[in-house]
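Going in written order, the chains are labelled A, B, C and D, and every chain counts its residues from 1.
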Amino acid sequence: MKIKVVVAGARGRMGSTAIEAIEKSSHTETVAALDYKYGGLHLHKGTVNNEGIGIPIYTSMSELMSNHAVDVLLDVTDPDAVFNNVQDALSHGVRPVVGTSGLSRRQVDEISVLVETYRIGCIIAPNFSIGAVLMMKFAAQAAHYLGDVEIIEMHHDRKLDAPSGTALKTAEMIQHSRPAHLQGHPDEQVHLQGARGADIDGMKIHSVRLPGLLAHQQVLLGGEGELLTLRHDSFDRKSFMPGIILSIRNVVTREDLVYGLEYLID
Amino acid sequence: MKIKVVVAGARGRMGSTAIEAIEKSSHTETVAALDYKYGGLHLHKGTVNNEGIGIPIYTSMSELMSNHAVDVLLDVTDPDAVFNNVQDALSHGVRPVVGTSGLSRRQVDEISVLVETYRIGCIIAPNFSIGAVLMMKFAAQAAHYLGDVEIIEMHHDRKLDAPSGTALKTAEMIQHSRPAHLQGHPDEQVHLQGARGADIDGMKIHSVRLPGLLAHQQVLLGGEGELLTLRHDSFDRKSFMPGIILSIRNVVTREDLVYGLEYLID
Amino acid sequence: MKIKVVVAGARGRMGSTAIEAIEKSSHTETVAALDYKYGGLHLHKGTVNNEGIGIPIYTSMSELMSNHAVDVLLDVTDPDAVFNNVQDALSHGVRPVVGTSGLSRRQVDEISVLVETYRIGCIIAPNFSIGAVLMMKFAAQAAHYLGDVEIIEMHHDRKLDAPSGTALKTAEMIQHSRPAHLQGHPDEQVHLQGARGADIDGMKIHSVRLPGLLAHQQVLLGGEGELLTLRHDSFDRKSFMPGIILSIRNVVTREDLVYGLEYLID
Amino acid sequence: MKIKVVVAGARGRMGSTAIEAIEKSSHTETVAALDYKYGGLHLHKGTVNNEGIGIPIYTSMSELMSNHAVDVLLDVTDPDAVFNNVQDALSHGVRPVVGTSGLSRRQVDEISVLVETYRIGCIIAPNFSIGAVLMMKFAAQAAHYLGDVEIIEMHHDRKLDAPSGTALKTAEMIQHSRPAHLQGHPDEQVHLQGARGADIDGMKIHSVRLPGLLAHQQVLLGGEGELLTLRHDSFDRKSFMPGIILSIRNVVTREDLVYGLEYLID
């Protein structure tokens, strides 16, 4: 029997791609869309219609549940909507898989309490790319042996923030596997401010922004006489789909909160 | 108390570098060199002398053992000498750490029997570079999720064999974590023979040989919309030293045979 | 005054992107589309309509010319249509810029004769990416000094042919700047067929095909103790637009045939 | 007839390698070493001897010239010695090829005056690696078309200064071929100081320092939908030898001052 999924954020590009992926998998199916408007209409290939083509749209979880059996809520909405959606899902016995970033620490804590109360699984993953998560995990493991690390993340020049969230998360994971220490020559002379990048416990992060680029990151780990480079290139949002399907299939088997795709990957 | 090490192959470049590394570590010390000639002389910084400077040279393990307490034999000799050295060491209760490649499967089997008989540890590692071993381990893990793989190994143009031993070993490790399958377009048309590289179960291996290069390898793992690249650059034989020290420290704690540095690394 | 352009192949993805780019440039404008059907209708954002929105569609150059002043024909059709379109354009005094590949040598020769007869410019460019052309030009220049070369081209796994056209063109350009010679160790032993790639005059070409990849190429040039790598990544067909605009602006100033964007770039 | 070369700085590692290269070339030969000490002794494979083996050492150019015909002085000394050596050479009609860095602008100006007075050639090259110079030239040419540029230079962690001299020189050459302009998003928010690197006219420079690295640089040039990367890896000082031989052969044909190997390369 297929896992029944409701998608919040289904009209967006990530939502459309996710619905395609859920339909394509032999383990999952979409039963409805949760939206803040268009209740009563249908959604087909990203377009809303009133001819009953595609999946039905609901504006409340209660109404949705009274018409459909649902196992999992996939939320790819925005920071404003996600928290209520997850609370609603948990209170209706629906397991959330959350790809929306922007949940505050307090909100995650509240979700954690709800998960313990209801004893149903919930997965929150800031990054659904299995490749990116492998890069981060490997970097943390390798830093145990090759403790001098620099991160170069490269994105298109319309990106607003630097460093990227993935670079910061990578650095955080590496911090747990190596002691903080000075890198580079102790008497280093920097003649142009910023040349040596941002510093986190001695690790350096460099952010490249150029037209043409998509989303790329390299982690460089140096040892005496050798260099290990872990690089991830993200070319298309399709790269998030295997991580989403993996999470949907995993969440139905668990009764706890998982924060980060890395815990689902050996 | 420091681990007492005897080095076979001490006059070579790898041996000299290893002696330096063993002396530098606070956990290990060199007590003697095992050689097929120069018995009775001494070795200092790669040069043999009869003035008693450096470590004493012996041509037999028995004689060596009658003069020194020894914990570990580090063998960096050649395919002709290594097998006898290891047998001698095991029969004298000395734990071998073998960096020499070229042991046949039959020889390794015989060593395995001896190790079980004497119940003392032995480590054989075709590649002592921790960075290279991490690359191979990570590649095998990642291939579980990103199953389409190509390996590009790049070496100086004086290298005789292609593909490299490390590339073949990497492919072998990946074979265990993904099913064999056709890669590329099923109707692929190759207009110039060899363009698509060597094939192992669908995986492709490409060998680049150019003046200037040292020893480099990339493993490329592709998934829908993303690419994970694991790259190792070996610039200097010093990169083997941490793996050698790790093995020496590890072998004294064990009673079995380990084939491959990867089993010592989490 | 803007250069007046008619686009053949305007309904395709390349054509749509080109029309946008031509409209965006302050030097060019689109006046009509040349098509084999839909004559009398209009084209707007890739969609044909009969409401007169967008540019008018014509099925013959004569009729088109009787209604519009035209300077340049941009042809991004297919191997079947391109030759007639170019002949028609030249005979009507319209300068062709051809991005369609697949013209035979004989057809190019015939076009060359027409160009000489009419004394009006024509540009045929198999690759309109300025970045790719720079890579090829630089590779040819550098091979004069660093004569040992290997090419690694990497594409998505739906690509049918190997090596890529760009790799073959690059090799051809390099052939003119270095003497053919054996690369690698003269006694090289290849244990797995194909490992050393395809061979052109000693140069090696390696074709990587993986899901996730788009279109990428590296040219590696080795010298004693050093390596020069020229890499081009093509992420989007928008990368062809600057080359198309450059060609349109250039063709109106000339009276000869140019084959290859490299001749327009210093 | 071979070009007769005297080497200053002959006892250093660069000097020794240069003497080997000069001897190996069929166009050049070494006739003597200019040194501040060891006058009257000989130099062979980097070692001074009083048995007359190798090339004779002189402490003054006058004395050297009274015993040998000399065409070219190769200076690979240090910032303290180089200026006097060059002045001496010019006044004796010997053409200098200078690989020592650290000449001040004023000193170069004075040398320029001397060169004009004596009308004999002089070549000063801060970087004799042809590969590195090609990378810089190509970067400057490409920036004309792909005007958004970032430089990533990577060196071992014993390097004192950042950014590297080569990175600064590359940026300077690029400045001449593109207008200064803001790169990245105009509203960019940098959450960790230094993440976006050092800034030169909008261009960014990132300096990576890790154990294991040697000397590497990448220039990334981005355009809409594409990226061009020019990378140079310097693995060994042998990479400077072709540039030194090229300069020696070139300087004997000229009567002016050339500053930078790039002017000798097409």
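By our rule, contacts are C-beta pairs under 8 Å (C-beta built on N, C-alpha and C of every residue); 3 or more make two chains touch, one makes a residue touch a chain.
Fair warning: this is a prediction, and the values are worked out from it, not measured in the lab.
Between chain A and chain D, the least number of touch steps comes to 1.
Any chain touching chain C that also touches chain D appears here: A, B. Of the two chain pairs examined here, A-C and A-B, the one linked by more C-beta pairs in contact is A-B. If you average the Cα atoms of chain B and of chain C, the two centres end up 48 Å apart. Chain A and chain B, compared by their mean Cα positions, are separated by 39 Å.
Touching of two or more other chains is recorded for residues 212-213, 221, 223-227, 233, 235-236, 239 of chain A.
The touching residues of chain B, counted against chain D in their complex, run 212-214, 233, 235-236, 239. Note for the complex: chain B touches chain C at residues 148, 150, 152, 154, 157-163, 183-185, 187-200, 204-213, 220-227. Remark: chain D residues 129-132, 134-135, 138, 141-142, 144-146, 221, 223-242, 265-266 touch chain C in the complex.
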